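A, B, C, D and E are the chain letters, set down in written order, and residue numbers restart from 1 in every chain.
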Amino acid sequence: MRIFGLLTVLLCGGLLIYHTADFPAWGDPASPASTHLSPYYIEHSIDDTMVPNLVTAVLADYRSYDTMFETVVVFAAGIACFFLLRAAKSKTPESMLYRHIPTGITLRIEKGSKTPPDSADFERIDSVWVPYDLIIKITCRLLVPFIQLFALYVVAHGHHSPGGGFQGGVIFGAALILFALTHNLSNSLKRINEKTSALFAASGVLVYAGTGILCLLLGANFLDYSALAPLLGGDPKMAHSHGILIVEIGVAIAVMAVMVWIYYNLASRGRHDEGL
Amino acid sequence: MHTIFSIKPLIAVLISMLVTPVLVSSKNANIREGWTFTAAALKFAVVLSMLPAVLDHTVLECTLIEVMPGLAIKFRVDPMAMLFALVSSFLWIVTSAYSIGYMRGLDEHSQTRYFCFFALSLSATIGVAFAANLLTLYLFYELLSFATYPLVTHHQDKEARSSGRKYLFYIVGSSIGLALPAMLVTYHLTGTLEFSGQGFMAGAASKSTLAVLLFMFVFGFAKAGIMPFHSWLPAAMVAPTPVSALLHAVAVVKVGVFCILRVVTGVFGVQHLNVIGLGTPLAVVAAVTVITASLIALSQDGLKRRLAFSTIGQLSYIVLGAALLSPKGLIGSMVHIAMHAFGKITLFFCAGAIFVATGVKNISDMVGIGKRMPVTMTVFLIGALSVIGLPPCGGLISKWNLVLGTLEADQFPLLIVLLVSSILNAAYFLPIVYRAFFCTEEESQFENQVKEAPRWCLVPPVITACLSVVLFFYPQPFFNLARMAVRSMGFDV
Amino acid sequence: MIWQLDLIIMVLVIAAGIGAISVKDNLGAAILFGAYSFLMCLLWAIMGAVDVAFTEASVGAGVSTVFFVAAVFRTTRRTKD
Amino acid sequence: MDGLFDFIVSKYNYWGYVVLMMIGMYAMIVKKNLVKKIIGMNIFQTAIILFYVSIGAKRDATLPIIAHGHGDAHHAVHAVDYMNPLPHVLMLTAIVVAVATLGVALALTIKIYKQYNTLEEDEINARLRGR
Amino acid sequence: MPLIAAFVATIAGWVNKKYCFAVAALGLTGALTSSVGLLSYVLTHGPVQYRLGGWAPPFGIAYQIDPLNALILVVIAAVALLNLLGTQRSVALEFSEKIGAFYTLYLLFVVGMLGIVSTGDAFNLFVLLEIASITGYALIGMGRDRAPLATLNYIFMGTIGASFYLLGVGYLYLITGSLNMADIAAILPQIYASKVVLFAFIFCMAGLFMKMAFFPVHGWLPNAYAYAPSAAAGLIAPLTTKVMVYAMVRIALFVFKPEFTFEQMGIGEPLVWAAVAAIVMGSLLALAQRQLKKMLAYVIVAEVGYMVGGFWLGNRAGISGAVLHIVNDAAMTLVVFMAAGNLFYRLKGDSFGALKGVFREMPVSMAAFVVGALSIIGVPPTCGFFSKWYLISGAIEAGHYGFVAALLFSSLVNAVLFFRIIEIGYFEPFTHANHHGHHQPPVRRFREVPMSMLVPLLVAAGSLILLGVFSGDLVTKVIHLALPGQIT
């Protein structure tokens, strides 16, 4: 099997390398890819959309339909993970671990025994991550808001610098995942629970599609932002710019929520009781 | 001869198809059988109503829908179709009556299913009869194969299962494996599948190709029971007797030979076959089947099996007649469809009646039965005479024409084949009758209590037997139709 | 775009890729995969695809790796190849 | 010699993508561990992304972000000055697709582990045959 | 005429969080009506182009609807709707808690399929392909015992396939600088000689072959389909492979021109032989199965061979046959899988042993199954016969008798396959026949599935016959319109 695999791979690789001879040279400004469509984008997008970041302009305007489906893919992945993994309400586990916060002592409570009082001193912890990690916890707690702020910046500033809805969403999601990693899953579930994340995911996609449909209702083609001009004020070009922002926000919301959602499911085998 | 549009052929086909939902929904057995009768009678009436027009040299046509460019599901009523449709739709009425008696007599299960598929089979049969092109023909041919499957395997036991398997294997296998590709090649070569009086294959391909195609068709329509594709027929005798009677003496097998007739006359064209000399090989195949089947029939003890082999032989008469490619031979073979149908169905009815009354299936157990069931056995005698081809029965007429056909075509060996096989026919039928009547009281295997079968089982064979006799004296209806058909092929008769 | 730098990173990427599939520990493989993604992101940044590089940094090196780690934690580190 | 050198410089990026793709494919074909296979799958996908990015590269051009975008607009923008943005756009989408597939694949892995308690394909197969 | 269809369905998917089947049904009905409307519009007014985002095609993304894909859109929407209606109960049974998620995925899958068919942009096709795949993975992955493993294999194969396709598109972009299908098609003829074009073609085809489970890369299909939940199998089995075949037709005919595809490549002949192998192997492997759904899955492998082989014959009859078979096969696969789903719903198993006596218990479902079976065997007047007719006449025209033989062989094997099942369902358990032919049928309960599952099934079965009867119109009025004129 190993030999066979290697042979196949070598054969394919050889063929592929062989025919690269016909490729235009790497980085050649005169290659067809750089001369057919892209000049149009480069030279017109600023006029058409008022967005200096060409990637954003192309992504969310010229090829916005692709991007919408990209968001749908993410959403589908989130639902798929939920669908595949989410288990029904879990049974109460055999034993639960609690930590007494002031002392850092870990208590193991067998099933059926009396649970500690529901006070601020005790917290339930996961069985897989026992050590008390004050430093990490505090550091991350401090970091998380800044990461989130940065994420918002990335989303909002996608017009002018690298970034945009997708990156921003992922970063935001990563911040939440970081929180869930350093604290435990139930803690972060308390802040954004499953329903919320599903709702966010769906609403993100809805914002995107809704924009498209709004354009449709306003008499233009699907996702033709210039139709939004009367609603947003400004000329059609500015409307393009704003439209891009709106859909980027939609993408960000959806991506953020889905990343968190997938993480919840993966980390707890769909039971949503104990994370990493 | 002119052509008019008429919806009647379609109605004739659809009547029995449409009656099935009614049959399914009717809870009461009497209502169900009432509907069956109504449908049968209606169908016969519709077919009959077309007869004057056909005799008046009119061709009725009905194009249902064009399924492929230049290829439609289309019905056409010409004399040959009329002949076959008349026979089968009339016999449906008789068989329905007989079925009722038989099924009630034996208290069979799933009678609703039985009547439904029976009606469906008849639809398919009429569809084949009225088909105007090979495609339509093939369509109803396959429909018939599948519609008869539940009938053949009605008993749902192990034996039925293996027979059903054999049945489908031969019939569907040959039609998909041989007839369908042959049809496709034909279409590819000529661009049409429409039957015409002269055939449409002339000059379309080389002689060897045509020969291959012809035999693909002949063997592909395995319902005709040409050897070596015959062994489904004896196997299918596990079916209830009315099924055997109608389907395996009338509908299914006759559909097979009818298809071959159609192919020979309508696709290849008699004249053209004559020119390229393909008649003789076909005739040889048929002749071999005739003789072999008759010989095998001699050795069978099961009455129905003997009848089955007799059928195989008789079917090959028809193919043989067609293969003679002479006017008389063609007339003979067409008329033989009708004559044999009446004769053979009588025989099957009698076999069924015997079974209902006594439960006996084997010939060796029937010694002396004539004394207990005189009517049945007399009728049996008439049927046998008809099949053998002795006066005063209709079988003689068709056989006579076949013989004339061999002379016309200068095929003396085939003449001898016909005569020998007639002798063999006599040899396997007459002893049954003889031993049924003429035996000593000791030899008789039947008690005095054995009575005639129920009335429903008795009347139909009597009717068909009478008709067999009547047809000897008045064969004109069928004879005229056959003659018209042959005339449309360009012969002068 | 300095092609020498590009080439060095390319070699590193390939090394990391081979490492990721050959190390005999799933957790290690996951981490190496993270490194691979990060190097890949550098490569793209050099080539001028900043947006793609940005995305790869957050997705490939970030979230994907976390997913891998989570999955490995929830299954097993054991691997035979 | 110089020609050969130029040739290599102009093509090595494409070779690199082929090599990476083959690494990924090798892992998917040969490795028995499901996590390894998934890593291979991701390497395979990133290799293709690398290919696209290579298409978009352009010598002597800068990032596809137009300078002075909001300044006194309408500087003439010249296509040769900026990289080709289109492949980048496509690849953003492709990365997203890759991560989505990864999520689903890992979810399935966990499910499989729950069912068979192993991630080695041969062991799973042996267990299935054993039943 | 925008493609409202997809959007209605998509939006229904999101609103649908409230656990409602009605929204899904409504959405799909909307999709169906609008695609029917689209078809009739296209037939009368000629091809339609819809520019998404209002940008002209080479720059923006456009949908390109011609009679051919309008037809396929109708098929997809109809199949999805019927299956949705027919499996409502089994969904409720199998995923009691995740109905919302199920329907969302279901709709997204349909959206992906509709999009693949209608898009005019090579890259957009990839994205939609992935939507359909990911939702498909999830739907299949929820099945019984071996489903997750089978799905993972499917993911690997599917991802390689999609990546190959993406690579092919990348090559095309590299060499033409465009992603729009029509635009590429306009540029390509000048550079046919390039090896890159050749490889682009090979990659696109290889990727699609993997996705459609063309022999010998069919390995993922049988297990995936056999263990999938019935409701998902009834959707995915009819659609995935067929839509991929359609994508192949589209790429090969409308991106690369026929003269390139059929004349310059010279791969038609080997591919038809591969199709022959697919048909033969699919049929033989189907014979070896003892499980209903698995057997059906192998039949699909053979059917893919029909379509691919028919297409690569490269003549008008063959291609019409292949396209007609896309439509017909979708319908007949739907029927048999829905029937199998109904059986599974009642019998809780689909090994042949479980099917004993099923005719008596579920006559209506079995009747529909028989119609589907007859169509797959190719018995007139069901639609399977007619597409087979075109395929065979195409093969005869091309002088490719191996393909003819394979088609006939597979018809025969299919006949054996289905009659084996029908026999089991019809005869067993054997009635104890006594000598006088009195039979007491075994008294078993009449356990037909509820009406809501039956009616869609019967509609589907009826459509098989309708499709058959109207196949002439379908071919002359729709398919021939859409095929490029060069194909003779």
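Following the convention adopted for this analysis, contacts are C-beta pairs under 8 Å (C-beta built on N, C-alpha and C of every residue); 3 or more make two chains touch, one makes a residue touch a chain.
All figures in this text were calculated on a predicted structure; none of them were measured in a lab.
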| item | value |
| --- | --- |
| For subunit C and subunit E, chains touching each | A, D |
| Distance-maximising chain from subunit D - centres being C-alpha averages | B |
| Central chain (by mean CA position) | E |
| D-E or A-E, whichever has more C-beta pairs in contact | A-E |
| Most distant chain from subunit C by Cα centroid | B |
| Chain centre separation (subunit B, subunit C; CA means) in Å | 78 |
| Separation of subunit A from subunit D, taking each centre as the mean of its C-alpha atoms, in whole Å | 18 |
| Interchain centroid distance [CA atoms averaged], subunit B/subunit E, Å | 42 |
| Centroid distance [mean C-alpha coordinates] between subunit D and subunit B, Å | 71 |
| Residues within subunit B bordering two or more other chains | none |
| Sites on subunit D at which at least two other chains make contact | 9, 12-13, 19, 25-26, 30, 54-59, 61, 63-65, 86-88, 90, 92-93, 96-97, 99-101, 103-104, 106-111 |
| In subunit E, residues with contacts to at least two other chains | 123, 127, 130, 134, 137-138, 141, 148, 173-174, 179 |
| Chain pairs that touch, as defined at the top of this document | A-C, A-D, A-E, B-E, C-D, D-E |
| For the subunit D and subunit C complex, residues of the former touching the latter | 9, 12-13, 16, 19-20, 23-24, 26-27, 30-33, 35-36, 38-40, 42-43, 46, 49-50, 53-54, 56-59, 61-65, 83, 87-88, 91-92, 95-96, 99, 102-103, 106, 109-110, 113, 118-120 |
| Subunit C to subunit D touching residues, read off their complex | 1, 3, 6-7, 10, 13-14, 17-18, 20-21, 26, 29-30, 33, 36-37, 40, 43-44, 47-52, 55-56, 59-60, 63-64, 67-68, 70-72, 74-76, 78-81 |
| Contact set on subunit E toward subunit D in their complex | 123, 126-127, 130, 133-134, 137-138, 141, 145-146, 148-149, 151-152, 155-156, 159-160, 163, 166-167, 170, 173-174, 179 |
| Footprint of subunit A on subunit C - complex, ascending | 1, 50-51, 53-55, 58-59, 62-63, 66-67, 69-71, 73-74 |
| Subunit B - residues contacting subunit E, complex | 65-69, 71-73, 106-110, 135, 138-139, 142-143, 146, 150, 153, 155-161, 164-165, 168, 172-173, 176-177, 180-181, 184-185, 187-188, 240, 359 |
